[in-house]
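Have a look at the structure below, then the notes.
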Amino acid sequence: MAATIKAGIVGGAGYAGGELLRLLFLHPHVELAFVQSRSQAGKLVSSSHPDLLGETELTFSAGADAPVDVLFLCAGHGEAAKFLAENKVLAATKIIDLSQDFRWNEGTNTATVEVDGRSFVYGLPELQRERIKGAQHIANPGCFATGIQLALLPLAQQNILTSEVHVSGITGSTGAGQSLSATSHFSWRTENVSTYKVMEHQHLREIKRSLLSLQPDNQPDIHFIPYRGPFARGIFITAYLKSELSLEEAQALYSDYYKDHPFTIVTEQNPDLKQVVNTNKCVLHLQKHGEMLVITSIIDNLLKGAAGQAVQNMNLVFGLDESTGLKLKAAAF
Amino acid sequence: MAATIKAGIVGGAGYAGGELLRLLFLHPHVELAFVQSRSQAGKLVSSSHPDLLGETELTFSAGADAPVDVLFLCAGHGEAAKFLAENKVLAATKIIDLSQDFRWNEGTNTATVEVDGRSFVYGLPELQRERIKGAQHIANPGCFATGIQLALLPLAQQNILTSEVHVSGITGSTGAGQSLSATSHFSWRTENVSTYKVMEHQHLREIKRSLLSLQPDNQPDIHFIPYRGPFARGIFITAYLKSELSLEEAQALYSDYYKDHPFTIVTEQNPDLKQVVNTNKCVLHLQKHGEMLVITSIIDNLLKGAAGQAVQNMNLVFGLDESTGLKLKAAAF
Amino acid sequence: MAATIKAGIVGGAGYAGGELLRLLFLHPHVELAFVQSRSQAGKLVSSSHPDLLGETELTFSAGADAPVDVLFLCAGHGEAAKFLAENKVLAATKIIDLSQDFRWNEGTNTATVEVDGRSFVYGLPELQRERIKGAQHIANPGCFATGIQLALLPLAQQNILTSEVHVSGITGSTGAGQSLSATSHFSWRTENVSTYKVMEHQHLREIKRSLLSLQPDNQPDIHFIPYRGPFARGIFITAYLKSELSLEEAQALYSDYYKDHPFTIVTEQNPDLKQVVNTNKCVLHLQKHGEMLVITSIIDNLLKGAAGQAVQNMNLVFGLDESTGLKLKAAAF
Amino acid sequence: MAATIKAGIVGGAGYAGGELLRLLFLHPHVELAFVQSRSQAGKLVSSSHPDLLGETELTFSAGADAPVDVLFLCAGHGEAAKFLAENKVLAATKIIDLSQDFRWNEGTNTATVEVDGRSFVYGLPELQRERIKGAQHIANPGCFATGIQLALLPLAQQNILTSEVHVSGITGSTGAGQSLSATSHFSWRTENVSTYKVMEHQHLREIKRSLLSLQPDNQPDIHFIPYRGPFARGIFITAYLKSELSLEEAQALYSDYYKDHPFTIVTEQNPDLKQVVNTNKCVLHLQKHGEMLVITSIIDNLLKGAAGQAVQNMNLVFGLDESTGLKLKAAAF
């Protein structure tokens, strides 16, 4: 049996922090040393995450300086970099950051980012599992970025992702975090649909960088329409592009690419989002219409798109089986 | 044809104000003089209420002092009284207030409230239509208060509302207004249920006062469990009490009581909330189980429970047919 | 004032039939002669459409042979053609069919379909209002077909719809009608997303035919991903294509094209679906990103996408103002 | 470590069967011998329950006669009794039935039902855990029955449940199973509310029998208004009655009663349904208003109200820790 991993969380009162807590409480090899929250310091963790009632008497801490084996940063975009600038973290502590602060920088086409003497490996196991295993610091991918990359990696690895890619994707409300805004109000969002950041979603940067790391000589345009949908959890993505592969060839390529990746599953059934809600899975489905190859990719934005993938990365970094603590009962309904 | 009524709205950027605007734009005898909003002054009305795009180029005004025949106050609880204290309103102007500021005060059992020399008639047409017709100032009832009273008035009028009344009711999110809060966040509210103000909802005061005005010698306890439901519009109420009436007698009593009231309908079909959504109707349904008489009452909280009833009251005050401008296409789905 | 139009409905128990009933009851110049339904003959109309309780005592008829000025066919795909084959309709009676039976046939590129000696004019007023005014028989467009065409017509009319068009669109559950199926079950559909008929939606045929009627020498490919969303009413469409127009030129082109069409509105605000729910409007919004022109188009599938457009066509055919009976209060929430 | 339990499921294609499958696949001491389904025999289990894709290649069997240690009957009301009448089950096989067929019969006030020589112990661990441990056959309680009993047991055990009890409760759509009906159609149910079986819900029988087993001399009336709500999972119950207990006394009584029951939790926070969704928990909350003691009780109808409680009972019957395989990540959103 593996030794116990001591873990700390920075920013534990938000959505990603809450999911991480739920997972780590169930993880057989993790002991939680602290859960920090600026806004909730001193309060019960179960007051912010009432589903944890009966499972923990832990309170949020103000500080995050107890020594731990792994530190998860759920502090939010910009806040993660700030935290590391202002706080000392022991050199031996592994860091897994869920913000976008260390996912990408200008002028590199390998999926590793250097910041202030730290080297952050981009934590998409299906792209670079071996590099993650040896990493000291992990930049956990964005939710849309995860779903879209998993739809495209097998093509890029074969250097055949060469024509324009057209992507539409719909995200649930938890993707925007728990801050209150006009578009997060129930009265507005229920039974409603809208788009945002049309053609300009920030995740396109990390997606393009990853694809470039696989096929440095080809960089097709990616056009992306992100939708907000009237549901809480999950991302449903459709991508299509001109491809010379037959359906059977494409299915064989994708099945082969993902055959050793436990969470990414290629299916011939037409998928629906709730298949993956409350799991760490990505389900992929392929269709061919004329010369267009159409790829559907669905994930739970808070799990495979955030906290679940963070735990998957932790498992890899600490030499555990990749699925440890991540065999989750789907909500299904 | 009736002359045109010049109307002004104070607090037009909120939910009730928006509904009132939608209704008044369609009303054949109303001309909107101004729509005031402190927070949105100078902006297009359609920027706050985008469904009105293409129907009006009106902007919100900062002031509310243009002379009008009727002034609707949608300013919010506490703000209505403050507005009238701080602003001069012409003596000839009728006032219809949608807040709770003038619905009730201590120590009266007639449904009229005197404040600062103004006399506010409680605007529930099914309780006191004649008094409304002659009123100068109207206090528009609360949403739960409307639904619960319509369930009980026929019994009180016969002085047979004499045993304890047990009420449960579920309200949509628009009942709490458009302010942002943890319980109005989509991620929280979708697929969720909770209770609030159990046994202590403030609408019980105006309900009890109205019932007392009909049967001064009987004042049964009313126990009320208000639920928050995962939907935007509507209130579904179930009330029951011990009654000696047979089902047929009860149906006859209710049908007779409401026969001249165009919006309150007694049905033998088991009702569902969406029957009344986006209409000014109240649908009532009666059942008898043992000695218990069970009454279902459903309304749209923003229409019969707020803006629709305000227009109904305006119609009565100005001598129009009660239904003018209120024959609305139900949303149905 | 216009004379009264006597109207009959075939297939009045379904979703489109119900919406049509709601509209016709409120229409100032229509008298309903009968509402036929095979499955509900003899029952109260309000038993199928309980929101109509209190508004009508009408029962569904078995037959549809009373003489009327206009006959609406809401019988369903395939059933409309069958009805006309099996029943005699007076030559003077105008027919407005809501099915797809007469919208399209092989080998024509004018938007009129000849069947069994009847000539059906394709009823999209924004495409060919003048031809509709003189029509005896109308084929009412499909819901997705309406939303997509309104997004593209101004470009086609200028003969500049010349590059591939990429469309994604999300429809509510009422689009699939009221028949029960696995994907219409609440437990399945709530908080869920899926796709269907990817790249092969049948509405593409009528869309392409209309575009071809405007620009016979250009027929770009249209790629269409239809989504099922967890909401009841509405369609939200995003279309994009390479275009040499600047944003300002595109806005000017669209505003000019639709300036005399009362229901199609071009806005600079980022739209959301509920703006148009329970109205007959189409709201269009334009963006330019690099060389891509992105067009958002939203409609209520049951109104502008079905029954509302049918009434709009009736108004045109009978010489009424196009908006008569169609100024509807939006549900808004 | 416990030996492996061989389990079979009859009726595995429905909602309860699916949940049971999800739980048993994750249970460390269970091996699934077969999953029978009449309608789906021969098909992949993952075709009915697509969230299980990637976790099992199992197909539904037509028969249910392989020898097993425990047989779960998810066949539906009436079908369970029929199955046992028509099929031979080994005497050594434990049976856990999720239907209502063996929960209750006339004329007994102990919570055990004798049918055809089999003795079914009512499987509510918080009522009679010791009796369950020694049982051969278990009748798993109904969902509303579970939630309401957990709200009332501590009072009955003290013989102080002596005044009328008023209960309202709201259930999600999965409570009605996966059969298609007008009230399970998404277009109808979304944003809608209705009641059913008012004052006459069949679960009242098993509730009253359990309470009588604790306080044979007192049998107060229970009035119950069941609501259908627009959500998929969960039951939210409010019960109130006159009680002489102070709030502190009531909290002490409930906390003490449930202190050794791992899934039933008494909280001082105002609860919301999603706290328990996708868990086996029941959360209870107490309030005192005047002389009324108000108890809130929330469960996931498919887990603590069905499949979760069935596994809890299996654990008890086979001498495992009661929580084995039931520490589930809440869906939370």
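Side notes on the structure shown:
Residue numbering begins at 1 within each chain, and the chains themselves are lettered A, B, C and D in the order written.
Rule of thumb we're sticking to: a residue touches a chain if its C-beta (ideal position, glycine included) is under 8 Å from a C-beta of that chain, and two chains touch if they have at least 3 such contacts.
All figures in this text were calculated on a predicted structure; none of them were measured in a lab.
For the pairs C-D and B-D, the count of C-beta pairs in contact is higher at B-D. Seen from the C-alpha centroid of chain C, the farthest chain centroid is that of D. Centroids of chain C and chain D (each the mean of its C-alpha atoms) stand 47 Å apart. Chain A and chain D, compared by their mean Cα positions, are separated by 35 Å. A separation of 40 Å divides the Cα centre of chain B from that of chain D. Shown for chain A are the residues in touch with two or more other chains, namely 15, 172, 174, 187-188, 190-191, 230-233, 271-272, 274, 277, 333.
Listed in rising order, the residues of chain C touching chain B in the complex are 15, 18-19, 22-23, 26, 46-47, 49-54, 172, 174, 190-191, 232-233, 262, 265, 267, 269, 271-272, 274-279, 281, 283, 302, 327-333. Residues of chain A touching chain B in their complex: 15, 172-174, 178, 180-181, 184-191, 230-232.
On chain A, the positions that touch chain C within their shared complex are 166, 168, 170, 172, 187-188, 190-196, 198-200, 223, 225, 227, 229-234, 236, 238, 240, 270-274, 277, 287, 289-290, 292, 294, 296, 333.
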